[in-house]
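In the two complexes that follow, subunit A is the common piece, with subunit B as its partner first and subunit C second.
Right, the complex of A and B next:
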């Protein structure tokens, strides 16, 4: 098993490097000059022109005068040093501050979502399997399909609309950290977490359900029933552990959808996480910020996938020997 | 449509389908409707949608970008079936024209992504070796990127326009197409007729594009159909974030954008109708994708879910 884990860990690094090359590369395919684009936008907003010297200075500031490999090297080096490639073009804030401020917020949101969906979806999946093709099964499956086909931003808008017009309450506007004011924090964060969890749990429910159906048909489950164990024990001890293995592995794939979802929902609910920062920076053509925030999200996704793979090898002994 | 029988026959069906005489297209459609009513309904809805998009100028009751200051935020009425938005534009006409944008971007992105993905996947799968190894690493990394973030990066880099949003979204689906067509190539590669072609000494391009590629298209076709809904939502998501096709072009995502949110309470119809349109489209595409998958891949016919 150590060998398996070691292989996964070693593979992690080339993947990470490729990802960084990709992000760097995409942001360099801009046809035209980044400095010119930024100055053009600024001067259009400020009403004035700009000089050759300004362009040169900005290019120098952004490090655009270096050849591409040097630029890339500098960026990677600064990330390794924890500086994440300098400062924001628009606000002059240091990138490590931006990331330090935004990243925990997004990771918290992702964590809430995962916990919420496990709590909701695993019992639902088991329930659905036990009542296969009866009405509770249909209700749960339709709910799951709805969660997968309604765009999350639209669900969010409908939810806000519903709360304001019918309940007469809307979530507080200012985001606060959980340590400062837990109650207000929850009032804001619970909604995007629930919406993301709807989709995520749609998926977990489906996998749990088919896992359970498969396990329930096994001989050892029949044996357990035959020797007179209670229904509860058969399900909890004999069926669920085996049914839940696929939930762990395939969950890794859905994590990317989840993080993609945080980008949109953070913007709707005014949650100052990585996603909101990414969109702000993208609209303002703040390239260093876009670059580093995207890298951070991808890094955490890959790391999460690695952890899931490792967890999987503990849970499912069959993996260790393959 | 002409090569559809080939697609169906390419997949081992496990039944004696191959021994039966070839059916005509009409017979095939009838069979599809009988065996997969949900699939047929969704295909029907999508044809309606396509017609809506094509005949948008005829169906729309108003000019979708014509602003009307005094007539803003009107509730649905006989004059404005879905009300008017904060700039007095007719929501119904905008939803109709929005279908156009969604389908244009969706089909363009899927088409482009499929062509690229299949070419790379088939070549990589057939040749194997180092090239394959490197391609697969790239695919792994691209698969790891959240779809919307990859598309966002590309739109930022390329600039927002109809064409660029399409390109961005196509890049986002390419890795999945590569992976799928590569794996079907690995199966097809072992077939006798490929060996036969090899023995006869056909050239590499002929081997890849004439003998192998057409026989890998079945599953790709299913993936592409299922992914269309996802691409349309992603386009709407980008527009929603203000990174999509720039206004005043009417797109469903754009209609739900920040502009609408301020007026949501006063004019709920502004967010209701484009959202319904989006959800219906995504839902029907995934239904159609499922139906096609069940038909083309008999292994999944008895699937637990």
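Right, the complex of A and C next:
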């Protein structure tokens, strides 16, 4: 086991390096010169013309006149030394400040979503399996399919419209941290968390249901029932631990979708997280911010997958890595 | 056993329903929370003196306004003229600098941090007298040294060791400045390289905001932080409000500066409001929802956040027409279909360009593109002194003669030898696809087979520098004729210009504008230039300007709506709440 964990940890770093090369490379092979893109955007939006000297100066300021390996090296070094890529072109803010401010907000939102999803989805999945092909099962499955199939941004806009036109209420403005004003925080964050949780829990519900159906048909469950164990014990102790193993894998994979979903929802609900930062940076051609925030998301995804792989071996004693 | 399982399942269902009900109740409680956003703010005791009793009711209250994003570039107007900067900067630093555009007339120059100013006989030296009693928010007096620091920083930049702050390339007044001298605390002398009779007007442009306290910034520059920004030094300004707190991505709270130097016409000290909370609302749908439910008193200005007819109607339906005030402001972006006459294409032929000019139905384009929120224009707003009088009644622009114009257009095209049409590339900025597509439709109807190329900003900039297109969509923002210089001059003189030509006469207009000594002279030159560029030579088919609509609640009084340019009058010193 220790050997496996060590190998996974060692593999983590080449994957991270590959991801960093891809992120860095993609931003460089996008059509057009970054300096021209920035000046061109300012010019198009009313900033007047620009000169060749301005292009050269901006390229110099952004370090774009350096060879690509040098640019990459500088970026990686700044990620390692805690500067996280230097400074935002758009806001002049240090990237470590931006990440330090935005990342906890997104992780908080993701945490709420995961907790909400698990609280809702696992009982729903179990319940759906227990009532297989009866009306509660159909209702829950339809709910799950709707959650999977409707785009988050569309649900968000409908929800806002519903709140405004029917309830005459909208979430408060001005995001605050939970420790500053918990009530205002909840009123702002609960809506995107619920929308994300709907989608997330849809997957979890369906996987839990399938897992439960499979497990409930196993001999050992029949044996447990035959022993006269209560149904609660049969489900909690004998069925759920096995049925939920795939949920761990799926949950980990779905976190990436979840983080993607925050990009739009944070913007709609005015939550200053990584997603909102990415949108702002991408529209403002703020490539240091885009590449560093993207790298942070990749890092968290890889770290999460690593943890899941490790956790899997503990949760499922049948799994042995060699 | 099966029944046992089902019974337990029923219990689980009850628990589930109970949990869901509790969750719903929690949300309903959230929805009915006591933080009534429309609650009237407590009256303020600040700012009233015995002579202001009549106006006392205007004082107090916190207004809730929307800003579309956090101000970029360190909140420095010297680095960005975006509405995203000005929306909040205006309240902290005021508009303009030593002088400003008059709130009710953007073409006139008003006093500001300087109360009087004059030029020598040949307009090569300008002397500004600094207003007495102006202080920065930290109590430091504003002096001529601050005015000198501002102009020098914009004109010459700053250098400390290897660190270089580059001069401002966008502000027109900096090109002529040779040196500045603060002869005493109240007098600033600006020497120019050549005669600039409208230097005060070029200086007055509202987005050239003085947000740079020398006593705070100079030490930073000396320490190597040459790109020091207003944010770095705590947003210390001379405007009507001072920064109380800023939470990035959330809210900027500005509060009344009791020592603000301006008063209203009756002599009452400004501002009236106790403060403004600028909420960052990065999504227009979220902003609209907040306005419709009373969490905002005004919506944001800026592209993407201005109201569309549908959104405006939805707001009116929710709140009632008598509960809102729609602010209609010109964008001052004069859209044009720019032609490249340097390439050997049919567009080199004046008759072809004239045909397109006559053919395009601008009124229909305004309707299709902006839902009617726009105005047909030439190079300028036809209601300003820069525009040719009666131009909108001439062929091409006049809706009443469109049928005849179109017949003439067909004839001109045939005369040029293109009766069966021709092919042309039309480069269009990707974000402007909605503007370009209706134009393509009209050009196709004329018989031109248009290859629409939606491109990113870098490609557009690169191809503009290389003159590599047949037609290009242009949307220049222009407040003064001189600002057209880099946008329409010859390719040799300005490679970033959208219409491509090698016409020295056009460059000559800008030289004449620089040396014109009166507004009347500049007006005459701009009219001549418009006639030449848009009618005689048709280097571009000028189309329209978008009308920016934003909305404030009925109880928000004293908003100075800048009809000519939505980037102006953002200090909100005269705003008060009647509730």
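Quick note on the criterion: the second predicted complex is superposed on the first by the 315 of 322 C-alpha atoms of A that agree within 3 Å, B and C clash if a C-alpha of one lies under 4 Å from a C-alpha of the other, contacts with A are read in each partner's own complex, and residues count from 1 in each chain.
Quick note on the criterion: a contact is a pair of C-beta atoms (placed from the backbone, for glycine too) under 8 Å apart; a residue touches a chain by one contact, two chains touch by 3 or more.
Quick caveat, the model's predicted, so the values are computed rather than measured.
Of the two partner chains placed around the shared chain by superposition, neither subunit B nor subunit C is touched by A:70.
When the two structures are aligned on the shared chain, A:9 is found in touch with neither subunit B nor subunit C. Once the two complexes are laid over each other on the shared chain, residue contacts for A:174 go to subunit C alone; subunit B is not touched.
Contacts of A:131 after superposition on the shared chain: subunit C is touched, whereas subunit B is not. Contacts of A:115 after superposition: neither subunit B nor subunit C is touched. By the document's definition of touching, neither partner reaches A:233: not subunit B, not subunit C. Using the contact criterion defined above for the overlaid structures, shared-chain residue A:165 touches subunit B and also reaches subunit C.
In the superposition on chain A, A:29 contacts subunit B only, with no contact to subunit C.
Which of subunit B and subunit C touches more residues of subunit A is settled by the count: it is C.
Shared-chain residue A:285: touches subunit B and subunit C both.
On subunit A, the patch touched by subunit B and the patch touched by subunit C overlap at residues 30-31, 157, 160-161, 164-165, 267, 279, 285. Listing the residues of subunit A that touch subunit C in their complex gives 30-34, 36-52, 54, 57, 90-93, 101-102, 119, 123-124, 126-127, 130-131, 136, 157, 160-161, 163-165, 167-170, 172-176, 183-184, 186-187, 190, 225, 230-232, 234-235, 267-272, 276-277, 279-280, 284-285.
Taken in their complex, subunit A has these residues touching subunit B: 14-15, 18-19, 22-23, 26-31, 145, 148-151, 153-154, 157-158, 160-161, 164-165, 206, 209-210, 213-214, 256-257, 259-260, 263-264, 267, 278-279, 282-283, 285, 290, 294, 297-298, 301-302, 305. Of all the residues in subunit B, the ones that touch subunit A in their complex are 137-138, 140-149, 152-159, 229, 233, 236-237, 240-243, 256, 260-261, 264-265, 268, 271-272, 275, 278-279, 282-283, 286, 303-305.
Remark: subunit C residues 1, 4-9, 12-13, 15-16, 19, 27, 30-33, 35, 37, 64, 69-70, 72-74, 76, 80-82, 166, 169-170, 227, 229, 231, 247-251, 277, 279-283, 285-286, 288-290, 292-293, 295-296, 303, 318, 333, 429, 456-462, 464, 475-477, 483, 485-487, 494-497 touch subunit A in the complex.
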